[in-house]
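There are two complexes below, and they share subunit A, which is joined by subunit B in the first and by subunit C in the second.
Coming up: the complex of A and B.
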């Protein structure tokens, strides 16, 4: 906990500086030839999307550990990761349609990447609702939902390569020219550092809540 | 030519004529509805990208700030409750 309390302000500070610098870094990127200015949504959209997928994986691994060992810290990690997956998923589902409106001419298209992302997002929302209103024992059921959410992560990622779709393929990032790649990686790093800091804070809160429950029980005894 | 073939021709020919005349009317209506761009003129962009880009970035910033604010408020509340409970537990033991 002590190492976390030192690490969190450091991570938050780095993330704040990086987010403040992000507009200037993005401004150095050239316009994309066919989409123009609207393509710049990509830099935050990519960061939010990769963070959401990372959070989905973290949630699934922690849920599996909770189901196998009933570890309280694994449950705290899964719960924290899901909440952050919903936060970053909301950003993805808002910035994506804003980009699509100009690039595709529509706000939404029921194509594989968008549909699978929405399904995964709804699974994570279901997890949060279950934890909030499910009562005692909802941890096990929500861990199972977390596993389903993780199973969707690779599907969401490769869906653009499996089907013909309007969405850019996974080959976009490695084939980006350097002036576009640098801002993309910078924003991705900013999102992941912020995610790490928020995850540690959120886990600390869950640990404190568990301690409160234990303290109430000891007071009743 | 059999009686059936004659009957088919009698029915088919007027039907085809009707379809073509309807298409002609629709085509004329289409000419009225869609006005082609005069040659030599360039089309101005109808949907500007700036508001979309601005909204996307603003949404991400606002969502992050609101979440961080709410998260710290919740953490503060939980830690205060925990501190109260610890002092109560200590008091009940003593």
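Coming up: the complex of A and C.
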């Protein structure tokens, strides 16, 4: 972990600069006529959503690795990734309805992408609850949840898609023109860099906690 | 060392034998499922007329709730007398323990469903005679998907603190696709203008879910139950 001690401040610094610059970069995007200012939520919404998905993927892979190899660092990575997925997921679920209210006229819609995001978010929260209240050995159980969670996402998407055939929706997600694409990618990069920094910090905390626990145990023996 | 399926059958038979002697799970689960339906009937039936398309949802929610109850109890039994350790120490594949438990649970849940379906039909005017085989197929295949995940998580949580609460918390998000597809297919049969094509698509999809869930659960069971 010590090899990351210089990387973390660097990543955090870059993230701070990028988030400070983000309003100005977003300002270069054209003003969307029908939605006005609210449309600009989208740039943060997309960044947070992609970060949440990345985090879910990281957790699934780390969980599978932990189940197969029992390496403690894989467990720390999975735990850190889930916590951050809940953090960014909360941002997604707050910014999404704000945008949808203006774009679709409703706060929420049982549409495949929304439903699968919500189910994934619920799974991450369940993971944290299990981790917090499951007692000894809960890291193995939560790893199984992490693995199932990753495998589940495409199925939720399929099942809701099927559901949707009875309830067609006319709204179409806008395709992005270039002046909107640049700020969107800029924000996405800012989110991912922040995520990387937070993930490293959180993993280091978990490793430290494990060390303290081990020290306590050896003291008792 | 005996074969996986033979060992699984012995475990399932042992569970079913315990159950036929005490009948504890069948009676309690069935009573709970019926009271669920009654609560829904009080909430959703007004002056003898149920609200539209409620029956499929009510049926599946009752199955899922009562299934959760049975799952928790089935493993509580093994924990109380420390017999789970015996099962895990037996010279058989871990997968056999999982399959045996799953099969016994399926028998129990399907028994409950046989009683539950006519009761839902009675209270919610569900036309269960319209496509009985398709309906039975959806229920059985959906129950397999639910129980496949449930057996894995219930086994995992046996030694955890506050396992009953945690089982529900974990189980419902994971079984969302199964329940959603099951409700969708059943509602397509029960609808005023039934769509059997959609129900068949749901059935195919559920079979696909089952294959994935059972495979994943078999793969996860052995490392998770490792002591």
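Structure notes:
What we mean here is this: the second predicted complex is superposed on the first by the 195 of 221 C-alpha atoms of A that agree within 3 Å, B and C clash if a C-alpha of one lies under 4 Å from a C-alpha of the other, contacts with A are read in each partner's own complex, and residues count from 1 in each chain.
Heads up, the rule we're going with is that a residue touches a chain if its C-beta (ideal position, glycine included) is under 8 Å from a C-beta of that chain, and two chains touch if they have at least 3 such contacts.
In this text, all values refer to a predicted model and were calculated from it rather than measured experimentally.
Of the two partner chains placed by superposition, only subunit B is touched by A:44; subunit C is not.
In the superposed model, A:61 lies in contact with neither subunit B nor subunit C. In the superposition on chain A, contact is made by A:91 with subunit B only, not with subunit C.
Contact with subunit B, but none with subunit C, is seen for A:204 once the two complexes are overlaid on the shared chain.
Once chain A of one complex is fitted onto chain A of the other, the partner contacts of A:25 are absent, as it touches neither subunit B nor subunit C. Legend: residue contacts after superposition of the two complexes on their common chain; A:14 is shown touching neither subunit B nor subunit C. Touch criterion met: A:129 reaches subunit C, while subunit B stays clear of it. In the superposition on chain A, A:99 makes contact with subunit B only, not with subunit C.
After overlaying the two complexes on the shared chain, residue contacts for A:192 are found with neither subunit B nor subunit C. In the superposition on chain A, no subunit A position is in contact with subunit B in one complex as well as with subunit C in the other. Remark: subunit A residues 67-68, 119, 122-123, 126, 129-130, 133-138, 140-141, 143-145, 147-149, 151-152, 155-156, 158-160, 162-163, 165-166 touch subunit C in the complex.
By the touch rule above, subunit C contacts subunit A in their complex via residues 149, 152-153, 156-157, 159-162, 165-166, 169-170, 172-174, 176-177, 180-181, 184, 198, 201-202, 205, 209, 212, 216, 220, 223-224, 226.
Touching subunit A in their complex are the following residues of subunit B: 47, 49-50, 52-53, 55-57, 59-61, 63-64, 67-68, 71-72, 74-75, 78-79, 81-82, 85-86, 88-89, 92.
Residue ranges of subunit A in contact with subunit B, taken from their complex: 19, 23, 36-38, 40-41, 44-45, 48, 87, 90-91, 94-95, 98-99, 101-102, 194, 198, 201-202, 204-205, 208-209, 211-212, 215-216, 218-219.
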